[in-house]
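What follows is one structure encoded as structure tokens, with my remarks underneath.
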Amino acid sequence: MDIGYYPGCSLTGTAKEYDQSIRRVFSELGINLVELDDWSCCGATSAHATNHLLSVALPARNLSLAKKQGLKEIFIPCAACYNRFVVAKYEMEKNPGLKKRVEEMIEEKADTDIGIVNMVEMFQRIDKELILAKRQKELKGFKVAAYYGCLLVRPNSITQFDDAEMPTSMEEIIKLTGAEPVDWNFKVECCGASHSITNMNVVLTLSKRIIDDAAENGAEAIIVACPMCHSNLDMRQRNISKQDSQHKNMPILYLSELIGLSLGLDKESLGLGLHFTDTEPVLSRFSTAIVAKE
Amino acid sequence: MSDSSFEPKIVAFVCNWCTYTGADLAGTSRMKYQSNVRMIRLPCTGRIDPMFIIKAFESGADGVLVSGCHPGDCHYTAGNYHARRRWILFRQLLKFVGIDESRVFFSWVSASEGKKWVDVINEVTDTVRSKGPFTNYQKLNKEFTING
Amino acid sequence: MMRIGVFVCHCGENIGKTVDCPTVAKEAIKLPNVVYSIDYKYMCSDPGQNMIKQAIAEHKLNAVVVASCSPHMHEKTFRKACAQAGLNPYMCEIANVREHCSWVHDNVEEATKKAVDLIRMTVERIKFNFPLSEIKVPITKKALVIGGGISGIQAALDIAGAGFKVILVEKEPSIGGHMSQLSETFPTLDCSQCILTPRMVEAYQHPNIKLYTYSEVDNVDGFIGNFKVTIRKKARSVKENLCTGCGLCVQKCPIKKAPSEFDEGLANRPAIYVPFPQAVPNIPVIDRTVCTFFKTGKCQMCKKVCGRDAIDFEQKDELITEDVGAIIVATGYKLYKIDKKSKDAAVKGYGEYGYGKYKDVIDGLQFERIASASGPTAGEILRPSDKKQPKKVVFIQCVGSRDPSKGFEYCSKICCMYTAKHAMLYKHKVHDGEAYVFYMDIRAGGKGYDEFVRRAIEEDHVKYIRGRVSRVYEKKGKYIVKGEDTISGVPVEIEADMVVLATAIVAQPEAAKLAQTLGIPYDKYGFYAEVHPKLRPVESSSGGIFLAGACQSPRDIPESVAMASAAASKALVLFGNEMLEREPIVAKVNENTCVGCFYCKKVCAYNAIELKEIKDKKGNLVKVVASVNTGLCQGCGTCNATCPSKSIELIGFNDEQIFYQIKAL
Amino acid sequence: MEEYIISLEDLKKLADNLIKEGTDLFLPSPDNSRFVRLKKADELKLAPEARPSDISAKQAAFPKCDPVLFYKRDKSTVELKDAEPSANQVLFGLKPCDAAAFGIMNKVFNWDYKDNFFNKRLENTLVIGLACTYSDDYCFCTSVGLSPVSETGSDIFLVRLSDAQFAARAVTDKGIQFVKKYSQLFAKGDSSKSKPALESIKGPARKFDSKKVKDWLDKNFETDFFNPVGDTCLGCGQCAFVCPTCHCFDIVDEDYSYSEGRRMKNWDACQFSLFTLHASGHNPRDNQAKRYRQRVNHKFKYYIDRFKEILCTGCGRCSRGCPVTIDIGSIVTKIGNLT
Amino acid sequence: MADIISIARGVFENKKADILIGYTKATSEGRTRPVIVRSADEVQNLVLNSSCLNNLATYLTRKENKGKKVAIVAKGCDIKSIVQLIAESQIKRENVYIIGVKCNGVKRSFEGEDSKKIAEKCLNCNVRTPHLADETVDMSDEGLTGKDEKAELIEKLDSMSAEERFAFWEEQFEKCIKCYACRQACPLCYCERCIADKSMPRWVESSPTKRGNFAWNIVRAFHLSGRCIGCNECERVCPAGIPLSLLNRKMVMVAKSEFGYESGMSADAPTLIGTYDLKDKEEFIK
């Protein structure tokens, strides 16, 4: 199976390990990611707050590229990018006038018939049996909290993905690895990402609450499908520890990393060494050695 | 067809209880739609004879719309089910004799779906307009006429 | 010769603004057979109607076309006017130039052209109208009431009180409905059962009311005045004529732990049970899904202890047919169960509130049972998980209601009031307790309603917070209710001991099925549709079928009772006549050309086609043809479209009328 | 009589000239089902050995539907417009049994009322007959006063000499004028050329005496004779519609649109049950046997009584095409043997 | 097995019927024609062979045969029409004595090239052994073969554009002379007053104009939809050579593909028109 792939800027920088693990995992699962040639910014950083037309035009340009390159669908692992794309597509479909202005701006025909697939959906469409068959290691007893954040599920009428308040789809994927998703309360709670630069304290408070609730409900790690979520939860723990000496580190894993582990891929290639919060304390019990299946 | 001034002639056969009332609702709600459709009120879609459609084309219609109650909602219990079966057969027959079956539209519009009625009318009108005049049938109509 | 008059109504500005009425009238006079045409500001007004009457006399009109609003609006008016002028009312037809023309088009030229077209088509059609007279049908003066809640009981009592027989069908083992579950009722706080039970007993004992409990309506044939109803009396497994209601079987049943429907799962009941002590009739029913005998073939304890040998394990569903003239539908509502995702994709559940996960997150009806003196806690406010008195209770309104994104768009109407009542009852019983209510708006329209809510706030100090709740989660034995106070603009977190959700009122799950059995329309939520929202609120569009209570939309008790009496009076209006007059829109067979293939009979939903033998002078059978029973025919015309030789035609919508209407396109 | 020789090639040239002049050329369709307009001259084919086409050539003068007049009306006025019969036409390669039919029909169309439509069409029609070498069990031209070589009704009569050559006789003035007009295509010939070809044509086997048939019909109106035919006759109008001499028609006024209409003259057939149905509901010919009796009587008695002609050319179409193979030839033969 | 003559004699001798509808020789070799036999003395001219093309069931609904007990010689396809007539209340099973013909196919036409080919309807016959009969008779097998050219033509038509199909049918229908042989030969066109003869209103223009012919041929095919049993008599008798079977066969295919329905198999089965299924397809309805 071939599918278009739009990494976005995060996956080439702070979320390198996300990109790395995705490429590893999908090649293992026999899926060919065709990286969109000449892709450009999605507008998630500032365009959507400053210039509405630009915020639609930026994804639109990439959609047109996809069309030209013969892609029917693009897989967008970054939840922020994903969100920009679905919103832009939705707005152009609803508003022909806007679409026209976008076309003038990008000097291309804007195409809205390209499918947009997020990380969780990507795993949903792979045959469960295939993942189970390829599974080298059952991550039994590994208690994790699935954290969705905001961008995957909201606005729900546009993303049309899962339940905005009580999503459950990531848990279903996690179960395939043998890990046990815990029932917890803050899976869509705000992590404060938008205040990262301006008001760090808000971020720390909010992130801490999320991590604490996961821990209280027995999670050993939090699973995410968004580089924003990841950087906030992962990177902030050092600062949280400074404010709260009782804080216990909680590794934050990408969904792709978790799947990678169960597929028996080595931690190095999944980028697990690139995290701020050390993953080894919890992951050490899952050796990288591949055990032959019975 | 590129005749830009072409305004299609469309006839709609509708049931009294659902679609006609739905169209009333569109009016009461002051929704706007294109003015090409002339509606003929029947008690039930079960009353709609395929001959009506042929006659409409003979009378110069460029498109025909047939609309009634949603399945299960028929005021007369099952008229729309019988009608649906007739349409399945008749559509295929029209298609086979080369009468462009895409000029014949079918819809379920309930008494509360004023908006749907508007959408259906506009879509039907736009579609028929883009198809242009039904020249095939008009050719037949012209044979042995005062100017023919 | 046809002499047709065309009357074009301006409807004030309504038509006149977009349709050039004087031009239309001028165009109309050019049509063949039109001998008179005129436009006027309000055709339906007295002067307007008089114009028509005068023109009929002066111009010897024998047909009248009125270009005006929808025939659904004023066809009757204009036909009556014609009749007063001596013209057969069926020689009057309406061209709908308002709803289908002036109101939906902006362009005057286009709308005017369309109005002329519609008139031309109607003029062509009316040339093939002929005078008709109403059909008279006898009426069965007996009513069927479906649903034995307060609405059904009220309707049944009203009709029975007027001296007519009533069949009351209830699907549960007892009548009483949701009202029997309630503790007190707003805004008076009088005991629900105290006011309901006497009515239940009255209905049970009324000589004119025949009660079928644990029964459902399987099928309905016929039409207004003449329905034939099939009632399925479900197997109760207890012989009603033998049972004395002593209750010994209930006591002795070894199964004790089936969740009680009546107590909303907060208490248990045996396999053989009476739903509640005041049940009517006080006759137990065996729940075959939990009964040991039905599961394993052993036990029969109830049979052993019954002194009357009333237990009948063999009992089967019984089908009973009844002839009735009117039907009142009073099937009530259900509460939206938010723990399970609805099949309806529009409703996505409210899993974030933890209903079903946390025992102390309950819905409104469960709170009613807790607050009820006859409930599982005997009226003491104790939370379900540990039977402790909750000191802080949060009530959340609009769970599923007024929520287009996740729930239903409509307002469930009664929640504002019953939540105020709940909070008040709680405060009355737990004096040191705190009650919080999250609300969107308070809708307390009704006699004494707003005063009631004010009392809850001002006298009972219930804390109202305007905002929605995003999440309820458990933390250290408390339920953290996270929400927003939109008035002060801050996030709120309340550590509650119990949470009560005012979940949406939804239609009964089988509502659509029953509607299809009855042939009445319903909206997308499954609520039954009234024929006119303002002027005919208790009538369905099917003649002789009336609506009462929450099956039509969320209703409180006084409204339900009022609707029930209104529906009953509609039935009584019907019963006040000896014969029913029906529109003569029925099918008619051309016996000369009918060849007796009986495809008409096959498609007729009303069994209106009968076989008729045609004999020659000597009495020899020539052929068998179709014949229409005009009492049964409802005038759908499906036979007309099906008949290959067009030997059966629908009067009023006959082939010629439609043919020439099409031709005038 | 003048006789000429013309090659098939020259006949094609002739056809080409005619088409270019705007004359409509008709000849049997490739499947021999009916007469169709010839579009390309080199498709011209003359087949004396072919059976008579399924549908006769009568539509040249008497089309299946023919507008009589058109009208346009509004509330108070009616505008009328006469229909004009069409342009010049040439019928190519008609069998003698087809060619003779026009003359027979001509009598009824000019009996009291002169049917302008028929006359005008016939006037504008040139008939090129062709000696026929076909015969089968259903042919009986020789029993009704014709033969495979009779020239009745033809303006020009062709006899095939070889695959590529035909003798052409100018039978009527119209034929002579025509040959003159295209004289460069017609070479002078004489009857010695066509004589052997004509003599070799045998004609159909069926023979009956039409006088005896009429004698019997004169005396036997009330009869059971036609009952077996009535048993199986389906009452379709096929026999009349394919017949070269059947000329019954129905006049209908049709509103073909809201304000316009036409008066049409359409073929009708005495075998239809509605043919004699009175408005009262009474039908004097209430079964197929009576209807078939009418058909035979009209052809072999009434028409002779009135016009001294048999209303039949013995082409056999009606029998060959009859869905239930009712064979008029064998029926009249049987009648002939009854006396 | 007994031959048709002795079976027919038996019918009269055992008083199984008042009349017998069968085939007899026609004027020319290779042809047969229908005949009604009224006594045992008349049976000697009955024949049965692969030239017995007519569907005799069309005579069952004639006024003069109504009320009589009628014996009929019927091939499987003809029996299908008898079944359909029973299902449509036109005849009673007990009033018809069916002499079913075990048949290996009949000729495509009486004469010409086609007389050497098997009729197209016989190629996919599923009732070579009669499915409803009181007695059966064997018909000699002449080993006819042939191709189903019409099936190919239907496929070809299906693949055409609407314009091309319209052009095809315009050319065909133009030939129609409205002799109504198709209707008269059809066993299922039993209406006392055909819609084509109805004048108030005139649904089908009586003139054989192009549009009148379109209307007629469409209404004929529609009224036979879900009823036609494919005896193909309409096409065989059409003097204008219009391939009417294409229309009927197409509708038979539609009945099969849309509803899994086949007419003429059982008189007790529900008819296609006159019944409905809640699951009837409606993807074309908005």
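As written, the chain order gives the labels A, B, C, D and E, with residue 1 at the start of each chain.
Simple rule for what comes next: contacts are C-beta pairs under 8 Å (C-beta built on N, C-alpha and C of every residue); 3 or more make two chains touch, one makes a residue touch a chain.
Remember, it's a predicted structure, so these values are computed and weren't measured experimentally.
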item	value
Chains in simultaneous contact with chain D and chain E	B, C
Any chain in contact with chain B as well as chain E	C, D
Chain whose average C-alpha position is farthest from chain D's own	A
Chain of greatest Cα-centre distance to chain B	A
Between C-E and A-C, the pair joined by more C-beta contacts	C-E
Identifier of the chain whose CA centre is least distant from the whole-structure CA centre	B
Distance from the mean Cα position of chain C to that of chain A, given in whole angstrom	48
Inter-centroid spacing, chain E versus chain C (mean Cα positions, whole Å)	51
Inter-chain centre distance, chain C versus chain D - centres from mean C-alpha coordinates, in Å	73
Inter-centroid spacing, chain C versus chain B (mean Cα positions, whole Å)	31
Contacts with two or more other chains, residues of chain B listed in rising order	50, 55, 59-60, 72, 78, 82, 86, 141, 144
Of all residues in chain C, the ones touching two or more other chains	592, 603, 642, 655, 659, 663-665
Chain E, residues touching no fewer than two other chains	195, 202-203, 205, 207, 209, 273-275
Overall pattern in which the protein chains touch one another (line/ring/star/complete/other)	other
Contact pairs between chains, per stated definition	A-C, B-C, B-D, B-E, C-D, C-E, D-E
Residue ranges of chain C touching chain A (in the complex, touch as defined)	348-352, 357, 405-406, 470-471, 473, 475, 480
Chain C residues touching chain D - in the complex, by the definition given at the top	30-34, 120, 124, 592, 663-665
Interface residues, chain C side, partner chain E - complex	592-599, 602-603, 621, 623-624, 642, 644-647, 655-656, 659-660
Contact set on chain E toward chain B in their complex	157-158, 160, 162-170, 195, 203, 205, 207, 209-211, 214-215, 217-219, 221-222, 225-226, 246-247, 250-251, 254-255, 258-259, 272-278, 280-282, 284-286
Of chain D, residues touching chain B in the complex	65, 67, 70-72, 81, 256-258, 260, 262, 264
